[in-house]
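Structures follow.
Each of the two complexes below includes subunit A, the first together with subunit B, the second together with subunit C.
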Partner chain A sequence: MEKEYKSKYYSHVVKIVLIFIVVGVLAVVGRNYLLPDTMGQYGHYRGSDLEDQRNVEVRSHTNESCFECHRPIRLIHKAGVHKTVSCEFCHGPYADHVKDGKYVAKLPVKKGMEIKELCLRCHNKIIRARPEESIKVVAMPQHLEEMKVQVDHNCNQCHMVHDPLLWIKAANEMMGMEMKGDKKN
Partner chain B sequence: MSVAVHGDAVAAAANYIFPNDLHVHWSLMIVLYPYITGLVAGAFIVSSLYHVFHIKALKPVARFSLLFALAFLICATWPLLNHLGHPERAMSMMLTPNPTSAMAGFGYIYTAYFIVLVLEILFIFRPTVVALGQKATGFMKMLYSVLAIGSDNVSERALKLDQKIIAFLAAIGIPMACVLHGYVGFIFGGIKANPLWATPLMPLIFLLSACVSGIAGIIVTYIFLMKISGRKIDVDCVQTLIKFLWGFFILDFVFEMLEIFSHFYMATHHWHTLEALYSGPLFTSFWVAQVGVFSVIPFFVLMAMSLIKFKDSLLLFIAPIVSVMILIQVLLMRWNVVVGGQLMSKSERGATTFHPMWFEKEGILPAILIMIAPVVILWIIGKVLPFWMDDDGVETA
Partner chain C sequence: MIDIEKEIQKDRRAFIKNVLSGTIAGSLLMVIPAGAALDGAIPEQIPGVRGDHSPFLKNQFVFIVDVTACIGCGSCCVADKNEYNVPDGNYRTWVERYVIDDHDEVFVDCPNGGLDGYTKPRTDIPYPVRDTFFVPKLCNMCQKPSCVQVCPVGATYRTEDGFILVDKKRCVGCGYCIQACPYSARYLNPVTKTADKCTWCYHRVREGLLPTCVNVCPVHARKFGDLNDKNSEVYKLLREPHVISVLKPGMGNQPALHYLGLRREVV
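And now, the complex of A and B:
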């Protein structure tokens, strides 16, 4: 004689199937409530996200924003071979410095050998990523040896960082020398 | 580049990496994610070897490995949630299914596997749960009643029905465990822009290393739990697990090596980058640690353990050590694949380095906490569903 049970032998299986059906129905119904209103408005994303993205704070500006205050640098920078280089490449984002047209904090200034590191980020010969005509690349300390200066010299001892050839051109002029590239013109 | 030069020397000799390649975005958390899902898939395979393939020797760990798999599966998403941030948005993946996104597929694959695993545990433990529920009082009685799905029927007829359902769940569970972890491998193998990842062998290697880590994890925890609770260890079970571990590890290690050697032999146009990577930043973590120490040594130790009859005490002494080595091997493999693949520049001219910090959001400490969590969860599960009990709620062995 088998023991009597309160539940039928299949009752747990039926309950599981019922749970699945209830959860499935809840999921389908609940989905409509949980989906953002603008989902799928333009594609497989929330349409109002475009608005959100538009309201994201602009952190980077163009050089013209910097030049509004930094007038003297503007003249030097715009005249030199670095004229196409963004101020922010070396100084950091505008938003860290100015907010709502007001000065908020000082941007970190590169000092000492940090300057060398910064220059080599673009001017390192090992990069070989751009043609020589568009960017001058050098190997260190080979370049210093060729220029006959001490190998512990920093880049900004010869090159004015905002117009790298400014002092060199001036020195050449004083000495009555011509630069390598000048002869062709 | 000379092969004699390696490690940081290579990194210093020729190194240019684009600024957008400098930072390793898929950090330690993404190393843990395949590691944890691998443990889940592997532990499930151990259970299936008993429930589907009727390897009788594995009976002592068959139930335990299911709970082990569940504990780790619960935590499998944690590294992802921490990595991505905004865990409250996780459900969006389920609400707005995207059939063309491989990554978004995870939500459904994970959930489907979770359901199968939970159902299998509920059905396998039902007689035990009913027996325990009759002895329990108060909250525990209610909990056991819920876990028994509100049924007290453990008649022969009910158990026969359960057996059929268990066989079905275990049978679909194997391909699903393979899909879950094969999918994780596919996520990497399918990234064609990364020559280290882009290989159709990736899902296979991930799957095999998953089996290996799962079996090793079960061996370590089984022996440890038995030792601390003063129970008798089933030597035959450990011996069988070691044999399966060796079998899966042969395949795993051979495929890992074949993958590299076919890249090397074909010398495809990305080989110079991979070579620089393997002889450079990955030299120590791949060749020395993963291959040299934690693959070759366990390989021969497992071979000896499988072919020679060891004394029981020696077997039980070496088994956890070699299993821990295998667990480290798999973790290193995840590291070398996930982080290693990001150390090379898309410029193919250099490599970057990556050293996780202790206290950052995705650092070493959060990684340790996430790895401890499944152990704590397993301990809690063990309070409700005892690991070593038979259907009548009586302690085995």
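And now, the complex of A and C:
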């Protein structure tokens, strides 16, 4: 009489099934509620984030943007060997200066020994890693001694910072001298 | 005689035509850049991208860093900080200095991520220095990114045009991706409390502009371009014989960032 051992009551099974169904429905509803709408639009990420990423502000512009207003410096800067140097490297980002086509604030202009620091950031011979074809490097007190000027001279006393050889070329022309580099070429 | 007269007439016509077209073309050349200047937009640097509003671009972008050209000025780092207001002590891109002494020992340093430039030589090297060079680093934009794989909430993802981006609204700041990145390109942004990293200036590229570090590099050590454009510099560099390599190829991430003249000492 084995059959009699089997329970005739199924309420516990019904309870468990009901709990599973309720949990499942809650999970689906909750997931839909919690997940962003565009999740999974293109892949396992929020599709609308692409739009957010595109709307990041462009803060740095190109030199051309600066030259639109700063015309005189444009002629000097673009003619010299420093034409590849970014305006914003020394003066700060465009967005801090102009916003929505309107002037907001003045950008810093380096003065005094700040200029020397800035020059030596690239032109310091003591950092030996600089390829000669890319940049001309100088050893600092020695360069001043070689050029027979006082050792406390600042770089911009001989070199126009936007076109470093501008004044030197002009002076040499006046004196009828040739540039050191010209002889090699 | 009549023939000669005709010839002269023809010549005159041709002359007047030439002068007129020359003047018109010349004046147009002067007008067009001035017109562009008025609306304040930056001239397009990547052709055919601006105005494309489809979710993904058709271009296949690659980034090439020329180690032999880099002078370690840190323009790129400054530009990057300016563009994104990166919090102090975090770097989206940085420039490492490698110094090798004549016993072949390698010394690497990176004071403040190269943001202040390199002004002092290293003094702690026991033997004479054989060689030194700079290696700029940034996000490698892997084709098989480990950071995307580990993200538990789908906050970091790879777009179909090859950019790996971080969704700041979705990121919970767990830091798995920071540990997973073999190139240490990621950091936890202390302001937003989310993972952050170099995006190859996605917002600029979508506007047809070069990434800001590429734009400012004075020696053109950083190159960015489209592999689908057969006339681009990057296409020529990658498809023609050059010494080109990627960082940690053994990791199998297949970076889209390539290095020109990379040395075996670089990790």
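Here is the rule we go by: the second predicted complex is superposed on the first by the 136 of 185 C-alpha atoms of A that agree within 3 Å, B and C clash if a C-alpha of one lies under 4 Å from a C-alpha of the other, contacts with A are read in each partner's own complex, and residues count from 1 in each chain.
Methods note: contacts are C-beta pairs under 8 Å (C-beta built on N, C-alpha and C of every residue); 3 or more make two chains touch, one makes a residue touch a chain.
For clarity, every value in this text was computed on a predicted model and none was experimentally measured.
J.: Once chain A of both complexes is superposed, is A:44 in touch with subunit B (first), subunit C (second), both, or neither?
T.: In the superposition, A:44 contacts both subunit B and subunit C.
J.: Going by the contact rule set out at the top, does A:78 touch subunit B (first), subunit C (second), both, or neither?
T.: In the superposed model, A:78 contacts neither subunit B nor subunit C.
J.: Tell me which touches more residues of subunit A here: subunit C or subunit B.
T.: So, of the two partners, C touches more residues of subunit A.
J.: A:89 contacts which: subunit B (first), subunit C (second), both, neither?
T.: In the superposition, A:89 contacts subunit C only.
J.: May I ask you to decide whether A:127 touches subunit B, subunit C, both, or neither, giving the answer as first, second, both or neither?
T.: Once the two structures are laid over each other on A, A:127 reaches both partners.
J.: Regarding the shared-chain residue A:99, is it in contact with subunit B (first), subunit C (second), both, or neither?
T.: neither
J.: Considering only the touch criterion stated at the top, classify A:16 as touching first (subunit B), second (subunit C), both, or neither.
T.: The first partner, subunit B, only.
J.: Quick one: classify A:65 as touching subunit B (first), subunit C (second), both or neither.
T.: second
J.: Identify the residues of subunit A that lie in both the subunit B contact region and the subunit C contact region.
T.: In the superposed arrangement, which is not itself an observed complex, subunit A uses residues 39, 44, 124, 126-129 for both subunit B and subunit C.
J.: For the complex, which residues does subunit A have touching subunit C?
T.: Residues in contact with subunit C: 36, 39, 42-47, 49-50, 52-62, 64-65, 68, 82, 84-86, 88-89, 92-93, 101, 117, 120-122, 124, 126-131, 134-135.
J.: In the complex of these two chains, what residues of subunit B are touching subunit A?
T.: 14-16, 91, 95-96, 98, 119, 122, 126, 148-158, 161, 165, 347, 349-350
J.: Flag every residue of subunit A that touches subunit B in the complex, lowest number first.
T.: 2-3, 5-13, 15-16, 31, 34-35, 39, 44, 124, 126-129
J.: Which positions of subunit C touch subunit A when the two form their complex?
T.: 37, 40, 42-43, 45, 55-56, 68-69, 71-75, 78-79, 82-84, 97-98, 117-121, 129, 132-134, 154-160, 165, 167-170, 199, 202-204, 206-207, 209, 212, 215-221
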